[in-house]
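Sharing a structure here in structure tokens format.
By letter and in written order, the chains are A, B, C, D and E; residue numbering begins at 1 in each of them.
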Amino acid sequence: MPRFNKKRSKKAGLPPGTLVHVGKKRTEKTRITILDYDQTDFREREVKSVEKCFPFKDTSTVTWINIDGIHQIEIIEKIGKHFNLHPLVLEDIVNTEQRPKLDDFEGYIFLVMKMPYFDKENNTIKLEQISLVLGPNFVISFQELEGDALNPVRERIKNGRVRIRRSGTDYLIYALIDAIVDNYFTILEKTGEQIANIEEKLLNEPEKETLHDIHDLKREMLLFRKAVWPLRELVSSLERGELELINEPTRVFLRDVYDHTIQVIDTIETFRDMLTGMLDLYLSSISNKTNEVMRVLTIIATIFIPLTFVAGLYGMNFEYMPELKWKWSYPLVLLVISVTGIFMLFYFRRKKWL
Amino acid sequence: MPRFNKKRSKKAGLPPGTLVHVGKKRTEKTRITILDYDQTDFREREVKSVEKCFPFKDTSTVTWINIDGIHQIEIIEKIGKHFNLHPLVLEDIVNTEQRPKLDDFEGYIFLVMKMPYFDKENNTIKLEQISLVLGPNFVISFQELEGDALNPVRERIKNGRVRIRRSGTDYLIYALIDAIVDNYFTILEKTGEQIANIEEKLLNEPEKETLHDIHDLKREMLLFRKAVWPLRELVSSLERGELELINEPTRVFLRDVYDHTIQVIDTIETFRDMLTGMLDLYLSSISNKTNEVMRVLTIIATIFIPLTFVAGLYGMNFEYMPELKWKWSYPLVLLVISVTGIFMLFYFRRKKWL
Amino acid sequence: MPRFNKKRSKKAGLPPGTLVHVGKKRTEKTRITILDYDQTDFREREVKSVEKCFPFKDTSTVTWINIDGIHQIEIIEKIGKHFNLHPLVLEDIVNTEQRPKLDDFEGYIFLVMKMPYFDKENNTIKLEQISLVLGPNFVISFQELEGDALNPVRERIKNGRVRIRRSGTDYLIYALIDAIVDNYFTILEKTGEQIANIEEKLLNEPEKETLHDIHDLKREMLLFRKAVWPLRELVSSLERGELELINEPTRVFLRDVYDHTIQVIDTIETFRDMLTGMLDLYLSSISNKTNEVMRVLTIIATIFIPLTFVAGLYGMNFEYMPELKWKWSYPLVLLVISVTGIFMLFYFRRKKWL
Amino acid sequence: MPRFNKKRSKKAGLPPGTLVHVGKKRTEKTRITILDYDQTDFREREVKSVEKCFPFKDTSTVTWINIDGIHQIEIIEKIGKHFNLHPLVLEDIVNTEQRPKLDDFEGYIFLVMKMPYFDKENNTIKLEQISLVLGPNFVISFQELEGDALNPVRERIKNGRVRIRRSGTDYLIYALIDAIVDNYFTILEKTGEQIANIEEKLLNEPEKETLHDIHDLKREMLLFRKAVWPLRELVSSLERGELELINEPTRVFLRDVYDHTIQVIDTIETFRDMLTGMLDLYLSSISNKTNEVMRVLTIIATIFIPLTFVAGLYGMNFEYMPELKWKWSYPLVLLVISVTGIFMLFYFRRKKWL
Amino acid sequence: MPRFNKKRSKKAGLPPGTLVHVGKKRTEKTRITILDYDQTDFREREVKSVEKCFPFKDTSTVTWINIDGIHQIEIIEKIGKHFNLHPLVLEDIVNTEQRPKLDDFEGYIFLVMKMPYFDKENNTIKLEQISLVLGPNFVISFQELEGDALNPVRERIKNGRVRIRRSGTDYLIYALIDAIVDNYFTILEKTGEQIANIEEKLLNEPEKETLHDIHDLKREMLLFRKAVWPLRELVSSLERGELELINEPTRVFLRDVYDHTIQVIDTIETFRDMLTGMLDLYLSSISNKTNEVMRVLTIIATIFIPLTFVAGLYGMNFEYMPELKWKWSYPLVLLVISVTGIFMLFYFRRKKWL
């Protein structure tokens, strides 16, 4: 919950373009890695100072600069200055409360996306913000954390001889977005399994915890939905082909990512519907169970209360109670009581109350 | 439930166009059948090796190549190579988690659809994925399973002298889609009967199982809906007449399929509404029934508790209780008790509590 | 319920244009009546053989051919042949599971509509399918049953000197659609009265049956809605003026029908909202009533249980219970019991529990 | 409730343009008043015969003819004839079941609107239908009842020297619509107060009546909504400036009315949301209260039932019950009973059940 | 609640452009401050009479006139006259029931917005209305109260050397809107914390108050929503670039504000969904808890009632009850009772009822 706009208020009233890091406080040092490649060559290195990546701005090779950690504002500022990024872009990069979006600027495209990852410490799913800047021959990616979600892309580049090495930055950006969307699939698959587990439990023995599990998953889907709906628009803008930096051959791939995004949305909506259905099922199961228990208990009481009354009747101390003197009274009363009890039992059973 | 994105994660991070079979693991051998016909001639045969169907690519006759089983990736790859299919198309064919869609490529159209079928083993309704590739003089269909849903089309072709033999591949694709949509009707009809049965049961004697039946049908409708909504778009794209491979005379038939699709959607939505209504009805019936039972039981207890008190009163052992000595005390107490009991009974009945 | 797609599956797999009657099985003979008129002349007759209406195809007068009963497929086929109707149109005419729609063909317009009628046998409201074919100088109407809904139009034509006699087939089609839409008003008015009755009952004494009544009306509104929404589109298409067969002066009347259709939809939606509100009201009334009853009963029990305990206390047979010997014990106990009882009564009343 | 389409069926089957008064039966005589003015002159008079207003059709001054009462069909017919109104317009005027709408005819615009008013007799809010005909130099308004809602406009005209006297019929129509929309504000304000009252009651002591009050307000909002949504469209059509009879300077005022209409809709929707929220709150409050009561009562019973058992135990008449002879048995039993009772009390309290 | 349209009815029937203050009655004097600046100079002063700000209308510097308090109608009127504002604009300024909107007039743009603020007196969040008039070289802002929300903008202007000093009135208006939108973030952040608190409480120990807290927050979100949705449109109109007074370079900043507005809406909708989920959770928690309590209590009663019956049985006073004479009867009965009780306890536990 505390994800919502925490610390966002720090920025209220500041002039636009003021860089304020909004997000979880972090202490790790920012890590900068550079991948530079064309069809034949490939270099990868990690640099200590941000200035090291400046020369790549104008080389003809494709360069992917990856920044892990966005809390060191001065680094972001230097990059912004050298690569001519608009102050508002820099502001958005360091503000992790951003909504996914695409902004088309003179000479570069700026993208913000959310990526789900499994936070092992808290055992929950979280969303990390990834910002991408797509230039004519460089791509800069900004991640909140060091993550391995983009590694497959890195591997593919290393392996050479694949399409990615023959293509430009637009294909690289496609590959990155594709990796991010694939992450949603991986996470949703786990969610699907969780839902299946909960459902099974629901049909066998609903428990109190089930309610909270359903509630948590619903909440998660709510967050995902908020993150993926704008993503759809974003990919759609890329694919429509109105952006100069996106070449025609890449568009068929972007259409593919678009389809995946729709599928993610579809799955989220289906999960939401399923969870709602399960909540209803849970509530009525619980209520059914309680009703059943109460009914059985009440029936037991109902059978014995009149019998107790009969017993109480002959426990009265009146002097003139002729029945008390009769020899067969006691067995008779026992008989009456037994018959009444058994009759009630049968009656309730026949009425299907038991 | 486990249908959702199971194994979809296997693909995360792979370059686009990598063929990975996503779906239920199967062991049957892929079965390839070829139907080749024009207005006068007709040949049907089953081939062992995929290469046998290559020559049909450029014949002037209409050829329908049907592939049952998509788990043998090498076969799909060979077909893809020979018929010049885009790697992404092949990837989609072997990924059974696809969303229904139409992609228009240079020289061919690619369609993915979902077809409902009754799985006799598990006694449930499932969705199978069917991919279709429509070329100028060939249609390739890829099915997950050997199924008989497309048989009627095969029969019609065999019978000769019907429109299908006089028409091209666009009419064949129409016939296939029509057969798939007709399948929905058949399945929905069964669902309709199930709903009618459940409803009848609901009005007579609602049971615990009814809840699960309704829940299952709701889930089924959810899946159908997810499969049919995009189908509508797909058929609409075919019918709009912007695709070169679809001839004018076929479009009136596609409009007919479009109407059917809308009708399927309408029926699904109506079923959903009906099921929701039935769920409400069930819940209030159950709650009504429980309330009734509890009320009757409580009334019985309520009548006897005060009577028991009276009896208890005269069961006290005080020495100085003059009533105990009186001759008519006992009959009087019995009278009081009876009158009180009967009065309460009447009172509750008049208040319509009983 | 059994209305949904019953027998629709009979058609699965047949080539398009195959005539299969889908609907309630009927045995009556098809009845064909012809109305032929222009501004001066008027002829009405019932013909035994379908061929008798063929000559009217090309006369300059306006001809309305009405077919009551669509289960005799050979008749429909003959008409289709003579009037050059597309096979798909014929298929739609005999399939009573059609969705309301308008199809514009070369030389004629085809319309399918649903008309509500009160089925006296089953005491329920049903929907009958009416198909209309509008040609340049003829209108053919196909009804499932012999009905009197279109009689007013017939009367108006007979009476001469009204606009309908001066106008062409487009005005006739308007008059027929108007009669059908008016039928909705008549039926909805009855529904409105039923709703008012139920509501009154709801406020005075909610019963178990009320629930089913509300449920039935909701179901009815669901069916109406499914029938009227596409009707709106249909009328809108007619009115937009893109159809050659509709003349300008008729369009202002069609706009009027369009308004009526919107009003029907509005009323249906309002009824739906009202019924949902009533369902909520019913449920909470019932639950309120039960709670009240239970509370009163529980209070009675609660008052007597402690009193019974006191009585039981002095029913114990210990030898050394000094109170038992005291003279005023019994009256005292009686007093304590009465006071306790009365106090509890007052306490519960003051707490507004009673 | 009986408002819906009551008597609408009277019209079924009649040719279009047949005047049938649909609405509450009335007996008052129709009242016709004429306001004729330009920048300098002003005349107001009530006329007995409808023919008196005919000469104003072609005068250059602005004339507002107000008809209170639409049940005298012959008057409406005469006006229709003289002012060349389309038969459908007349039909709509006398049919009080109309949906708000704007129809643009050759030479005049026809508007139907609903106006809320407080019916003092029944102490409820009702909707009255007002039809307006806007000609180049006359406005005819038709009201169901003599009402004072349009009086402010009349006063403004009388007062001279205001914009309304300098402007044409388009400004007059604006002023009338504005007065009608203002009426909604007045009524909604009262509703707002009612909602505030109910809410206060809800938080302090929810009663059974509250449910019906909320239900009634919800119903009212439903009716308002049905009346105001089409009003929005209507005003929007006027404002868009495609109508010849509306002059440019008036449009800025119409935009203002448009804003007001949106605000009315906003308020209605907010009220609906609030009422739904209040219904939920009411239901859970009631259910909370009942649960609480039941819990307390059950706890009392639960405490005394075991105690009664103990007492019953020593009321048994066995000869060999050594405890009965012991001297301290009785005080001991009393002690045990007291301690058990108190212990249970504490236990329940600690568990927060009491 | 009493916010809705309170006093709005005062205006009903008045001619448009009549200034009537609609809103909370206030007594403070209106406070007028002027900020006049260009890139080099800066003057700030508070003026006593409204005429003092008239000369700034035509100076080349940027002037921001801020009016705190709109209840002194004569001041608003004077400003309106001098700055040539349309009477409807003035009417809107003094009517605090306005919906956020943008009106484009000849020579100036008029904006109405709602700003949330924390009312310390009542400890609740309220919405204040801010109206802005944007001229070629002046901006006039009208606030209901003296507030500090716009102070940051004032500070930035004072500080010189920032973009705001180099830009025109369009940038100033951007800065003001940005400050207002930032206010929403600040308030929503607090709401987010409240939601987190409530949720924590919900999971640990749900209380009656929780219901009201959730209800209040839902209500608040409803109001916010009503205020922010039209704000989105407003900012979008500014950004689209169809307004002459907005220069190209400012639009990128407006796009940024637009993104923020969308984010505010997103957050509000997410909060609404979360609150609905929490309400469901609360209700089922409460119902779960009650059910549990009732079950335990009923079980206690159910165990003791049959035991009491057995005790009652041997409390009967029949002369011929052989068991009463037997020596081991009493211990045997005790044994039977204990065993029965323990058996029931185990049975209920095994059935998971306890």
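Heads up, the rule we're going with is that a residue touches a chain if its C-beta (ideal position, glycine included) is under 8 Å from a C-beta of that chain, and two chains touch if they have at least 3 such contacts.
Keep in mind that this is a model prediction, so the values were computed, not measured.
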Chains touching both subunit D and subunit E: none
Centre-of-Cα separation between subunit E and subunit C, whole angstrom: 43
Subunit A-subunit E separation of Cα centroids, rounded to whole Å: 26
Shared interface positions of subunit A, touching two or more other chains: 287, 294, 298, 301, 305, 308, 312, 315-317, 321
Chain contact topology (line, ring, star, complete or other): ring
Complex contacts: residues of subunit B adjacent to subunit C: 151-153, 155-156, 162-164, 175, 178-179, 182-183, 185-186, 188-189, 192-193, 195-196, 199, 203, 252-253, 255-256, 259, 262-263, 266-267, 270-271, 273-274, 277, 280-281, 284-285, 287-288, 291, 294-295, 298-299, 301-302, 305-306, 308-309, 312-313, 315-321, 351-353
Of all residues in subunit B, those that touch subunit A in their complex: 1-2, 4-9, 11-16, 86, 88, 97-99, 101, 103, 205, 208, 211-212, 215, 218-219, 222-223, 226, 279, 283, 286-287, 290, 293-294, 297-298, 300-301, 304-305, 307-308, 311-312, 314-317, 321, 323-330, 333, 337
